[in-house]
Every structure is written in C-alpha cells, then in structure tokens.
Amino acid sequence: MAEFPQLSDNQTFLAFISYSTIVISKMMLMSIITAFFRITRKVYANPEDALAAGKGENAKKFLRTDERVERVRRAHLNDLENIIPFFCIGLLYSLSNPDFSTAVWHFRLFVAARIFHSIAYLTPLPQPNRGLSWMIGYGVTFSMAYRLLKNKLYL
Amino acid sequence: MAEFPQLSDNQTFLAFISYSTIVISKMMLMSIITAFFRITRKVYANPEDALAAGKGENAKKFLRTDERVERVRRAHLNDLENIIPFFCIGLLYSLSNPDFSTAVWHFRLFVAARIFHSIAYLTPLPQPNRGLSWMIGYGVTFSMAYRLLKNKLYL
Amino acid sequence: MAEFPQLSDNQTFLAFISYSTIVISKMMLMSIITAFFRITRKVYANPEDALAAGKGENAKKFLRTDERVERVRRAHLNDLENIIPFFCIGLLYSLSNPDFSTAVWHFRLFVAARIFHSIAYLTPLPQPNRGLSWMIGYGVTFSMAYRLLKNKLYL
C-alpha cells in the first residue's frame, strides 16, 4: 500500500466516484419516498406537519405511525448503516492502489446488492431476498476493510 | 473531470474543509442537546442511566419517552440522513475540479439551509420553514451528485 | 494548513486508514449482534422475517420489540452518530498536515474509547462508564474539528 497514484490517474478512484455517487443518491431517494407516504397517507411525526392534513384539534389524529411509513424508515436506516461504511472503507480502499478489476467488481456488486435490497424491502419480497442482498453488500465492505488491514497496519 | 489539482493548491477543497467541518460540528451539537433534555427532564432510555434520577424501583418511572427529547432525536436523525451524504458527495465533487465560485456557493447554501433547518425543527417554526430548508439542502447535494455523474461516468 | 504532502508519504493518513477501518468494522459488527438477538430471541420488525419463527397467523406474535434488541440498536445508532463524524473530520484533519504524534494519539484514544463504549453499552456496565467513554470520543472529534477551523478558515 506504499504507492498512492495521483488522483487524476487513479482509474479505481474515478470508478469509485461514479459508483458511490449512484448508491448515495439511491439512499437519498428514501427521504422522498418517506415524504410521499407521509403526505399521501396523512401520517405525521410533528404537530406542525399534521396541520397540512387538518386544522386545530383535528390535526392531532394525524400524529400517528403507519406500517408503510415505518417500513421505508427501516429501509432508510439500514441504508445509512451499510452504505455510509461502504463509502468510508471504499474511499480509503480506492486510494490504496488495489487491483483495478477486483476493485470495480467490489463496487458493482455492492451497488447491485443495495439496489436489490431496497426493492426487496419496499415491495416486500419474501425472505431470503432481502437477507441475502444485505449479506452481499456487507461482505463487499468487509472484504475491502480486510484488504486495508491485511496489507499494512500503521498503529 | 480529468484534472485533479494538487490538494494544497485546491481552493475548492480548502473551502470544503471549512464548510463541512462547521456543518458536521453543528450535527454533533444535537447529541449535547439530547443529553441536556434527557437530564433536565429526567427522561431516560436505559435503566443504568435512570439511576441518576432515582434509586431502585423509583428509577423505573424515568424510563420513558418525552416529546421534547423525541423532537431533538428526529432532528438529529434528519441531520445524519442529509449532512453525511453532503459530506460524501461534496468531498468527491470538490476533488473533481468544479468551478470554484459555483462550488463555494453550493457549500454556503447547504450550511445556511441546515442551520436554519435545525432552528426550524427545534423552535419549532411553522411549516413550510423546515420543509423548504430541508429541500434546499437536499437540492444542493443532488446538484453536486448530478455534476459528478454527468461529466464522466466510469462504470 | 497550506501543505498537503503526497498521500503515499503521509504517515498520518496511513495511520488514519488503519484506525478508521478498525472502528468502522467495529460499528458494522453491531448489525451482526442485532441479527443474532433477533434470531435467537425471535423478535422481528417485518412480517416477512417473522415467518422464520412461525407460520401464518402464528408468525404475527413475533412482530414485537425486545429490550435486548433495542439496546443493541441504540448502541448502533450512537456509533453512527459518533464514528461517522470522526471519520469525516478525521479524514480532513489527517490531510491537513497535523503533527504526526498528536494525530495518532487522537486516533488511538478515539478507537479505544468507542470499543469501551460498546462494551459498556452491551454489558451493560453502570454509569458513568458509558458516559465517560462517549465524552472522550466526542472530545477527540471536536479537538480535530477545532484545529481544522482554527488554522485557517476558507469561507
């Protein structure tokens, strides 16, 4: 891991930019989906938001939870717990001069697994669809972390 | 996006350091505000914490939820969902040789929008104050993501 | 902060890679611990998951919450709220040419504090074990943020 090529010549880093931007944008879509269900199903967490659905005392009944909204929120939190570590580890990994082809397949597998994970969570598809796609994404990140720690530890 | 200038000559990257450090520090303040309300209102999530408010059986009644605490926690989670993606996308964007002035206005708009978002959430201000500030921050991050993907895709 | 050494010659950055990879891997272990308790205690959040514990109507009773699972989830969320900001701020800090020894001691203290925090949360140990370890990690991140903003602000 001694060699860090210049960023502009680093094909792995350029690929990482594209893949991580796609998967983080996907994660951000979860906010839109949550907002969509909150508004169409009139399910709010804050009194000032519930005023969009009813005035005064009437608004209070829209301060509630809804299984559809909670499902999107769980999917969003799962994205945060998995996509952000992928970004952190993947950034360091892509700067540590890995084999280009190996690295790009790591990124591809992760992005595909997480897109499928969202579909499996929101549809919902029966297990083990979601479980397996979670496991693949998790394995990709651990594989990059393992390589970072194996090559050379600076402690 | 072919050119990555040296980091020390990269004015955009230096500006990104300042703005992102400010907005992440702001996010971290949410932990302090949560702790403040938990302690002053005696609202705890863990039995070992509730012992600060009462001994033995008496402690159990402080294992409760409180609208004030929950509001700060929602604001904190919203920060995680929005400020972390801004950091990830903004870091890559600031390394991809964008126009300096365009980039800095992206950062300024985002930081101002998120500070106002926290004020609007915690006061709380009536809608659409919070909704609009959320939308501005979201739009800034998407605008940077769009530019990263438009310029050149490496897949 | 004017000088950014080359990444491959940057001992601080190399140390940051090792420490941050370790502490992010630790954070990811929380997912495994959550899954372990969900499966062994038969506590599920999604109907399609609960089918692993019982068929048809019988599955519904496993859609429940459990204090053991909730505790791990709180610890995981606390990790997200603290370890991700450490990564973001620490990355920028390690690129800003800090004193090597000071930087490495920041990283060491943070990683040790967060590992102890997880032990204190999951055991659970009596307070102030968890509170103090949280505070140390928080202080380390703020100390790096302070240095980034003090040296030179580019606004």
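Note that the chains take the letters A, B and C in the order they are written out, and that residue 1 is the start of every chain.
Methods note: a contact is a pair of C-beta atoms (placed from the backbone, for glycine too) under 8 Å apart; a residue touches a chain by one contact, two chains touch by 3 or more.
All values derive from a computational prediction rather than experimental measurement.
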Self-check item: Chain copies touching (subunit B, subunit C) - same or different residues, decided at half shared
Solution: different
Quiz prompt | Cα superposition angle of subunit A on its copy subunit B, in degrees to the nearest 5 | solution = 120
Exercise. Could you grab the centroid distance between subunit B and subunit C? Build each centroid from C-alpha atoms only and quote it in angstrom.
Key: 16
Self-check item: Interface hub residues of subunit A, defined as touching at least two other chains
Solution: 80, 84, 91
Quiz item: Hey, which residues of subunit C end up touching subunit A in the complex?
Solution: 6-8, 11, 14-15, 17-22, 24-25, 27-28, 30-31, 45-49, 51-52, 76, 80, 84, 87, 91, 108
Quiz item: Can you list the subunit A residues touching subunit C in their complex?
Solution: 1-4, 71, 74, 80-82, 84-85, 88-89, 91-92, 95-96, 124-127, 130, 138, 141-142, 145, 148-149, 152-155
